[in-house]
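Below are two complexes that have chain A in common, paired first with chain B and then with chain C.
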Partner chain A sequence: MQKPFYVRFLLVATFLLGFTAFAQDEDASSGNEQGSVKAEIKEFIAHHLLDSHDFTLFTIDEEKNTHFGFPLPVIIWDDGLKVFMSSKFDHGQSVAEVDGNYYALYHGKIVKTDAQGTINYDEEGHATNAKPLDFSITKNVVFIIAVSLLMIFMFRKMAKSYSGSMLPKGIGRGLEPIILYIRDDIAIPNIGEKHYKKYMGYLLTVFFFIWIINLLGLSPLGVNVTNNIAVTLCLALFTYFITAFTANKNYWKHIFWMPDVPVFMKIVLAPIELLGTFIKPFSLMIRLYANITAGHLILMSILGMMFIFKTWIGSSMSFVLASALSFLELLVAALQAYIFTMLSALYFGMAVEEHDDH
Partner chain B sequence: MEIPTILGAGLIVVGAAFGIGKIGSSAMDAIARQPEASGKIQTAMLIAAALIEGIGFAALFAA
Partner chain C sequence: MEKLIEQFSFGLFFWQLLLLVILLLVLRKVAWRPILNAIEARESGIKDALEAAENAKKEMQNVTADSERLLQEARMERDGMIKEAREMKEKIVADAKALAQVEAENMISQAKTAIEGEKKAAVAEIKDQVATLSLEIAEKVIKGQISDSGKQLKLVEEMVGDIKLN
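Then we have the complex of A and B:
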């Protein structure tokens, strides 16, 4: 049924009014203040996208530097192992002294400084201070460990509930269809009936790991593990190494000396094919990283609109958009886990493919 | 006159969006013709879309 004309007119008018309200507000407020709010939002988003050495849930007072959260252990290697709590940095406000050495936080990274915390810069504005090797339990590490433990707990419990009955109990009831879906719709069609079993462990782990950690990223805890490129790089490397080490001779033959191709073309194609094996995990890494980063960035920018348009209409529009986008992000969280698993299975399938035809 | 890199990134993103749109519309056509094969079509569609999306993101990060 079509909406009557006046309803549509009202809808359009409301939207237009909203925009004029923004425009007026922007004109009225002084440009300087507006700029500082925008800069603050930008800084906050950049801070959110980075890993951090302490787990802060929210800030109570910016000026007094009081935050609600807890410090995490810092483990660095700088002529010997040094372990201390990140509360020594006082959220980057003070210099930590450990065994006569001084360390400070510079953009979330630990650098070695003197007692005053001086940071030296080169011409391009980068810090030239020595950076000790950092093995700290950062926020991301905490959540990777937490999700791993959760998964061990969940799946052990599920496995136990199969003893004595064919029906799983408790959490297994919800997980069984997903596991069966991964087996029947991802693993078997891509890898094949014969070889799929040895890859199931990895496929299930990677699917649930990415999915749970993406969902945690949408929670108000402020974690974002999969938008750290190092994490996605590791996941992609797992896929790469499993592909490389389980591949049969057909796979390598088709990369370096493909049959039924003229010799000249073989020489041309071999480097391209070899490069292709690296591009596959690289695209896995970029895809997961970029999707999640883009999602967080857009969501936070939309939330930041509230502080720029200080009218009720701006806030409500920002709220509606943010809610809609959050639902979309729920979908993206599952979709990215699915795509990663799917493409991993596809690459494994290529590695174990048997060519009977020639 | 120098062309800003962000313009190139924008062009690539437009191209990627066009490509994904085309994949989506073809998949719709295919599913309408053969609803029983919708599972397979969806999988193939998602893979193709994901590959194109990768290029789009690579462009965004290069800019």
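Then we have the complex of A and C:
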């Protein structure tokens, strides 16, 4: 059977790319040990998974410390608010001096040091330097702001396109089915026709926020906001507090004084049920964090393998694998947003459920 | 886990919290409310339109059924009228025939009576004339036979025989 043109093209391109990577690797690492490449990749991945105080798109020369990107504002609270640009750190190479205090970057965190930038360690190898409260506009914060603005712009435009016409125009045409899906297949079945309306705003916001930010994480910009536990904790806390504040009497009754069971069981069940309410959002937090982190870790490891394998076949294989995995990650990006929204809706549904036939 | 806690960035948490609250409030006001309202309005509009169409269809069916029924009734009425007319026509014709019969019989009987009357009158007249003629003849004969009495007798006999023949 004759394969379509683009399939053959992709196959040829894959092998050629494999060859190129192999050839480049031969040239560049002729003097290097393979171990150093591995360590470099490991460090790169670890660095990629962390937040950073400057916006670096790519590094031009590691030796000369030249990067393509721009610095971001650093805001710290250390006996008063201190604001300066992250260019003072020079990508962690130098110590920033502000108002007579010295700060340095240690594994992406700002620590207080002396003029030489000395890091003190305890027996376990942890830095003992004081860590000022860091409210910096980091790369992730920039992306959260960007996604927020994008969402406001997009959905405002969509909302405006409804005026004077029954159907949305432009971007709304694609977004409306998703909104309808969230309403008809997530909110209404889980929360119920009666109460779903007050949760729609949160469910829609969270779905699109996680989805868009996950998709941006897959872009070559190389940010991944949802693999920060702080971000997923914040999202999960929202779900928790909305559940707790909108819950009806029935919900609390089922937690603290379970009906239709003996008194002894009521006492045993209360702490378990209470713990359950915390575990639910906790699982939301860990699930989103772990899925996105794992996806990035595997994807980047496979990409890194391209530079470790010295044979053209190995590099080609990891290229194919990375491509396949990228598609999987596209699915995961939407799936995690869906799961988070779905489970939030489920918890809200439990909170407003009415047991009148007990 | 320890690494996770160590990596936890309070700043990022703070910003995410702040921005998410702002995002929720702004989107609720500028996007979700108008979008969901518009979708709901459209859905209820569609529902109403469908219901109206369904009602119109039902009404249409009713009207069609009504007109069908009316047509049927009219047809039946027409058939009835035609039948009635035919019966009436037949009756009229029969009546007329009977009347004509009676009339004709009357006329015939009248004519018969008239003819009878005329005939009687004519016979009476003839009798009168015969009597007159007889008398005249008798007179003449008498006049003539006075002279010849044999002849006179003979003549009378002849004449009387002639009358009998009549």
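Worth pointing out:
Simple rule for what comes next: the second predicted complex is superposed on the first by the 326 of 358 C-alpha atoms of A that agree within 3 Å, B and C clash if a C-alpha of one lies under 4 Å from a C-alpha of the other, contacts with A are read in each partner's own complex, and residues count from 1 in each chain.
Just so it is clear, contacts are C-beta pairs under 8 Å (C-beta built on N, C-alpha and C of every residue); 3 or more make two chains touch, one makes a residue touch a chain.
No experiment lies behind these values; they were computed from the predicted model shown.
Once chain A of one complex is fitted onto chain A of the other, the partner contacts of A:Y202 are limited to chain C, with no touch recorded for chain B. One of chain B and chain C touches more residues of chain A, and that partner is C.
In the superposition on chain A, A:D185 contacts chain B only, with no contact to chain C. When both complexes are overlaid on chain A, the residue A:A290 reaches chain B alone and has no touch with chain C. Legend: residue contacts after superposition of the two complexes on their common chain; A:L346 is shown touching chain B, with no touch to chain C. In the superposed pair of complexes, A:N140 makes contact with chain C only, with no contact to chain B. Of the two partner chains placed by superposition, A:L303 touches none, neither chain B nor chain C. Judged by the touch definition given at the top, the superposed model places A:Y338 against chain B, while chain C stays out of reach.
In the superposition on chain A, A:A96 contacts neither chain B nor chain C. Residues 4, 6-17, 19-20, 22-24, 26-28, 30-36, 38-39, 42, 45 of chain C touch chain A in their complex. Those residues of chain B that touch chain A in the complex are listed here as 39, 43, 46-47, 50-51, 53-54, 57-58, 60-61.
Chain A meets chain C in the complex at residues 50-51, 75, 109, 126, 133-138, 140-141, 144-145, 148, 151-152, 155-156, 158-160, 162, 166-168, 172, 176, 179-180, 183, 197, 200-202, 204-205, 209, 228-231, 233-235, 237-238. By the touch rule above, chain A contacts chain B in their complex via residues 185, 189, 283, 286-287, 290-291, 294, 335, 338-339, 342-343, 346.
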